[in-house]
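First chain A sits with chain B, and in the next complex the same chain sits with chain C.
And then the complex of A and B:
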């Protein structure tokens, strides 16, 4: 499913947080949105999902598939989100319900948006658990019994259980250790590609972006400062904001032995 | 080599009781020398934080010994935590937070002396005292707040600084400033040892002299940074290296 944003402005409490943003995610495309904290990344993703705070003022256009999200009624938005969009959050421990078992957690979007029998739901949940690489015995467990990486796999399973056509991953690996980070990025990429869905991947880390996306937008102070092919931006950052993010990522990555 | 300032010998640690009893450290030994930076590397749950808490006497080992070549290590060490905003009091100005260790431990210093040392500590971490002393944490970026926390950790000139994942809550772009702050500390306080806990080899490659790799509570490897990064014998360390490569 494609997403097309034109001239998006978001202001909260009189303060403009997103300024005149144009952004496209093509059907089946994986696109990155990168910027420092406070640059407005999460506000853009919340605008697409229709999850902005009530006092937010939004103008411009956001088309998800052939539907206009800006100004859409809440009930309609909830239906669009539930059926066509999935979201993976930064902190899996905070995004999972602590008093709900893994099975119920993952099944929740199905219960809310689809008319399935209990057995049908459980079958889908089992299949999803296998896809995200978790053993069957996690189904009866609670979030606190899982490691951070396992929790995020549950988060991904919950986001993907309805086979959404568009996925937003908002810093999905920031809270995880570096080995698990890589595994989660690889998992998300392969699931999104297998499903033929599109994804907007939000991060402050260019190194993660290089693995997750083919094209990206660089956000600075609420504006798009740069955009293009991810690999090309990494090799030839043209704006100062891109350069700052790229050089930080390069400095903090290990160089191949020999170049060191 | 010189005498280690901190020496950990055959330390084991358990958490929980009875059926829930779980061993988190297995016969771990490590030395920290004056002036060096030792990075303790490993994934979540590898025992990094427990080991360093035992080093500082904040946790006791169930077996093994920790020897400190000095007085009371809790008075002679400085701590930097993962999340600067939860480690700084939101109601205190930077000046008060940075000076707190001196007010508690150095009753002999005059107020002017305390202020001067707090300002000096801020300068070391690359923050202008004239700009930052009067600010509250809410007016700081993540990178600035973490540097304030580092200034607080060094203000009483500790012999050992322990930084537990000081960069993982910080923006990638701002992590460079944190690295620069630690480099400046190592430059100006050559006898101070720095123990840095991290899961990210990319972060520590610039600062560590030696790397200790912990995996499931056991020392997987310990050696000079170049040899761990360039020619690791351990499959786990190689996985950490791959995860930190662009």
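And then the complex of A and C:
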């Protein structure tokens, strides 16, 4: 499913956080969105999901498939979320309900959008946790009994259980160590490609970006500073913002390969 | 690609398989929680007292030592004897019979008040943590304003149209305690409402109301339990107070407050008739307060390790899941408890914390 953002502005409490952003994600495409902390990456993803705080002011156009998300009613948005759009969150430990078992957690989008019996739901959850590489016995466990990597696999399973056509991954690897980061990105990319879905991958880490996306946008101070083919952008940064981010990423990846 | 992780997870799976046949005390969550409470001295006390209350209330439906309306005109203000175990009051009625029958009324009042307070309080909490800023802000102001109305004043106002009745106690107390509950539970509920897991549920397509019922309330449960059990204790006291003022339980209806109110004027002459209902009210209120405290610890997986292991199997989505999961439940609590007893007291704290 394609996503088309035109002239998006987001202001919270009178302060403009996202300015005049144009962004495209083609059907089946994996697109990156990079930028330092506070550049407005998460605001863009939350605008697409309609999850901005109540005091946020949004203008511009966000088309998901053939539907306009800006100004959409809550009930319509809720139907879109989970069914057509899935989201993987930054901090897996915090984005899983501490008093809910893994099975219930993953089954939630199915419960909300599909009229299935418990057995059918359980079958799908079982199939999904096998796909994300988790053992069957995690189903009855609580989030705090899992490792960070396992928790993020649960997060991915929850986002993908309904086979949504569009996935937003909001810094899904930031809270994980570098080895697990690699595994999670590989998993996410292979699952999204298998499903033929499109993905907006948000990160501040260029090493992860090169791995996960083919095209990317660089966000700086709420504006799109640069965009283009990920590999080309990494090799020949054309703007100072990109250059700054890329050189910072190089230093980091050197440290990482030194450790590995 | 996932070699490290896979080996790790399969290791866990293998451990789980080995533990399948381990002798873990199985049981539903309620039994585990009750066991956790029973282990503590004050927990035993509150369970016994509240259990006795339930039994006595039930028995009084069929049997009391004397019929309630039977009076013994030759033995008014009698001291305890074989015929009247706790003596008689000024009309020669059997004190024990009236207290037994009264336990029923008090139970009804406590249950209704707690239900009213919980429903009203949770409704207010829902408004106070709403994503709609205007509703949230307005409800906080409304709660702060309403909380300044004294419960007794509200009861007096309600008694004008309703007269002395159980309804007055339940509505006045339920209203007041509901406001208190909302104020006390709001910070915890707000924390849950603004958490990532609620956002994740919204991203899955859940409605605001769904996230409140399924995500926010369960994560606020410890606060709710303590506050509601305190409310239950206060409701027993309020019944006595309001009945003494003449706006609680109507005359002729047995209740602990009624027994107190009818004999309190003669406390200097016949102290025993006042002692019994006073003693019962005190013991029950203490038991209710302690109950909430112990219950909170027992439902907290950080304190009650048994619960964490047991609930993993019991609290799944649907019965089909429960059995294989309960079988695969890790049994390290049992192992650790054994380790504690072998190593002695020095390790208790460490092991206890690790299991928590």
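In the analysis below, the second predicted complex is superposed on the first by the 254 of 260 C-alpha atoms of A that agree within 3 Å, B and C clash if a C-alpha of one lies under 4 Å from a C-alpha of the other, contacts with A are read in each partner's own complex, and residues count from 1 in each chain.
Here is the rule we use: a residue touches a chain if its C-beta (ideal position, glycine included) is under 8 Å from a C-beta of that chain, and two chains touch if they have at least 3 such contacts.
Predicted model, so just to flag it, every value in this text is computed and none were measured.
Peer 1: Return first, second, both or neither, reflecting whether A:36 touches chain B, chain C, both chains, or no partner chain.
Peer 2: In the superposition, A:36 touches chain B alone.
Peer 1: Mind working out whether A:51 is in touch with chain B, chain C, both or neither, as first, second, both or neither?
Peer 2: After superposition on chain A, A:51 lies in contact with chain C alone.
Peer 1: With both structures placed on chain A, which of the two partners, chain B or chain C, ends up touching more residues of chain A?
Peer 2: If we count touched residues of chain A for both partners, the winner is C.
Peer 1: Given the touch rule stated above, what does A:180 touch, chain B (first), chain C (second), both, or neither?
Peer 2: both
Peer 1: A:137 contacts which: chain B (first), chain C (second), both, neither?
Peer 2: The second partner, chain C, only.
Peer 1: For A:107, decide between first (touching chain B), second (touching chain C), both and neither.
Peer 2: second
Peer 1: Looking at A:89, would you say it contacts chain B, chain C, both, or neither? Reply first, second, both or neither.
Peer 2: Second partner only.
Peer 1: Does any part of chain A touch chain B in one structure and chain C in the other, and if so which residues?
Peer 2: 147, 149, 179-180, 182
Peer 1: Tell me, which parts of chain A touch chain B in their complex?
Peer 2: It is residues 36-38, 147-149, 176-182, 204-207, 210, 234, 244-245, 248-254, 256-257, 260 of chain A that touch chain B.
Peer 1: How about chain C: which of its residues touch chain A in the complex?
Peer 2: Touch list, chain C to chain A: 1-2, 4-6, 8-10, 12-13, 16, 131-133, 195-197, 199-208, 210, 214-215, 218-219, 221, 301, 308, 311-313, 315-322, 324-326, 328-329.
Peer 1: List the residues on chain B that touch chain A in their complex, please.
Peer 2: 43-45, 141-142, 171-176, 179, 199-203, 205-206, 226, 229-230, 239-246
Peer 1: What does chain A use to touch chain C in their complex?
Peer 2: On the chain A side, the touching residues are 49, 51, 53-55, 74-75, 78-83, 85-87, 89-91, 94-101, 103-104, 107-109, 112-113, 118-119, 121-122, 133-137, 139-142, 145, 147, 149-150, 155, 158-159, 179-180, 182-183, 186-187.
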